[in-house]
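Right, I'll just put the structure down here and ask away after.
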Amino acid sequence: MLKIEVRRKPIIIGVMGGHEAPVEILEEARRIGEEIAKRGLVILTGGGDGVMKAASEGASRAGGLVLAVLPSDRVRPLAGYPNEFVDIAICTGMADARNAINAKTPHIIIAIDGGWGTVSEIAHAVRCDTPVIGLKTPFIDLPQARCLIACDTVEDALAQMDRLIKVIGGQRPAAGEMQ
Amino acid sequence: MLKIEVRRKPIIIGVMGGHEAPVEILEEARRIGEEIAKRGLVILTGGGDGVMKAASEGASRAGGLVLAVLPSDRVRPLAGYPNEFVDIAICTGMADARNAINAKTPHIIIAIDGGWGTVSEIAHAVRCDTPVIGLKTPFIDLPQARCLIACDTVEDALAQMDRLIKVIGGQRPAAGEMQ
Amino acid sequence: MLKIEVRRKPIIIGVMGGHEAPVEILEEARRIGEEIAKRGLVILTGGGDGVMKAASEGASRAGGLVLAVLPSDRVRPLAGYPNEFVDIAICTGMADARNAINAKTPHIIIAIDGGWGTVSEIAHAVRCDTPVIGLKTPFIDLPQARCLIACDTVEDALAQMDRLIKVIGGQRPAAGEMQ
Amino acid sequence: MLKIEVRRKPIIIGVMGGHEAPVEILEEARRIGEEIAKRGLVILTGGGDGVMKAASEGASRAGGLVLAVLPSDRVRPLAGYPNEFVDIAICTGMADARNAINAKTPHIIIAIDGGWGTVSEIAHAVRCDTPVIGLKTPFIDLPQARCLIACDTVEDALAQMDRLIKVIGGQRPAAGEMQ
């Protein structure tokens, strides 16, 4: 498939997660990427290995457009970035400071498993009101965690995503509309 | 037109320029945007008014996908960003520091007219070996300006772009291949 | 006191925390800032209100140099930044993306209380091996949290800081030396 | 000299220039660094070799505090950064995107010789109203270059700096006050 069909002003779903993960987590990331593409949504990841690559593969094989915000640039490449499924690579050359962009750009984020990089992205996302659906993500104990939705299964995560998309109707939800 | 056809791993053409410009410059930007889309390439701008908006309008009306790397984010929006023709907005919240991303991401840049923001993007681009085609851009006197190509007409700029695309064949040119 | 004495290549202690905090937390932040300055160390904060201001006040009144990495710049100022005790303000204009700089620059970080901004800074710090002493900080459940040291009192936090400074002897600790 | 005396809220002078330069340029950079320190001002550079190192050396030997905003961080160091005269290194890990911080932070910038990195810093500086004194810098042809002051000698550059400091009196000049 050499051409991709993309909606004008598509909803962007960020999928965040570590560059290493157990095989069953990778399979879940792939399924989530696939479902994102099947709904005509655009996926955005950090562009690396692990959860990022698996979700991108799922989306790409299902005919979706795959965006990535890289920590690297072309003059100073970084091993594993971008993975082979990335269509459009935003080259920042900013290392971890690009995590804030990963958090600000998507309309909705699904965080899967993940380590400290993912924690930083969840934290940046909450700060800028991007709703975060967490699938087996690190637990963070903050009372004001109103825009974090914890899920245990892919089906739950997708149901939450579908619900949020209806709420936002192509717009971003206001903070109060998310729960 | 509600759907856009995009190639897998498309070549990205950055169009840089000021948020204000004379009407004849805006018309040239529109034509360049249109020709980018007609060739199946993807346009990337800074997402604002002026040259950025005109080039995005040209690309969008010709059926192309329009990317933008915004200085703002959704929590702290900035008047005029993104313009109405942007399909996918990368939200950085980084103000001018995002100019480096504008310079690193495209395979080729066309700089049209422009002020100090454009000068910063040209400078960042040369530093990371992104070839820059300048159409009536500010003059910068540096002997090592090997990857800057100055043009006087839209036709010249497009011919240079087509030539560079052949050289790179979907890959980025090495520094030595550009002239 | 109009002059400050600073060591050549001083050890920098980052103090991270929210722009709002209960009064007893602010008092603890002030005491920590004071002790940092009394030891001839330089304090670095995010430059805002709350914990950042209280710690800066403590350091400044004790004769220390106060650094801050601002989310704002002079052209687009942000209310409350920098607070009145900041001597040297690094102006990023990058909003939250500057949190990565807050995490990378200090030799040791003391995180006090705090919300999602502080969580992002802790996460960025762990990613770049900056040791973090947490005083009543948000709980983050990650098994690999080897460079996070949780404390309940100001005395404990200062004892951990003094211990780390001996280990590093003016150098940054390697990851394995911290515990 | 192991201790440095610094004024509270010191005026910061940015010295920008390339990591390579002819020996006579380096000597001029050293003299400028020395004069900055003798006046009790704080120097800020990009932290690397060439003009950055020479100016830092001059300031350090004259007893001044030397700041640097590095493109690198401690986990991913970059050869030559920071140079041996840097006292306080702000670690960004952001490569060239840190040039915007170099431009926004100082009260006044002296650009000496330099290549594309320096051009990007001059452009960012003008955009955020930081006055720039250019000593043998690249020529940039923009009519609105109101806050760029071109000089041919170290003495001229220092005289312009002294004049601007009087104008600002510890505050940053408004755009109209600079010429």
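The letters A, B, C and D name the chains in turn, as written, and every chain counts its residues from 1.
Please note the rule applied: a contact is a pair of C-beta atoms (placed from the backbone, for glycine too) under 8 Å apart; a residue touches a chain by one contact, two chains touch by 3 or more.
Keep in mind that what you see is a predicted model, and the values were worked out from it rather than measured.
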item: Angle (degrees, nearest 5) of the CA superposition of subunit A onto subunit D; value: 180
item: Chain of greatest Cα-centre distance to subunit C; value: B
item: Subunit A and subunit D: spacing of chain centres that average the CA atoms, whole Å; value: 40
item: Centre-to-centre distance between subunit C and subunit A (centres being mean Cα positions), rounded to whole Å; value: 30
item: Centre distance in Å when subunit C and subunit D are each reduced to the mean of their C-alpha atoms; value: 26
item: Numbers and ranges of subunit D residues touching at least 2 other chains; value: 73, 92-97, 100-101, 127-128
item: Subunit B - residues contacting subunit A, complex; value: 1-10, 12, 42, 60, 65, 67, 69, 73-75, 86-94, 100-101, 104-105, 127-130, 172
item: Subunit C - residues contacting subunit B, complex; value: 73, 76, 92-97
item: Contacting residues of subunit A [partner subunit C, same complex]; value: 94-101, 115-117, 119-120, 122-124, 126-128, 138-142, 144
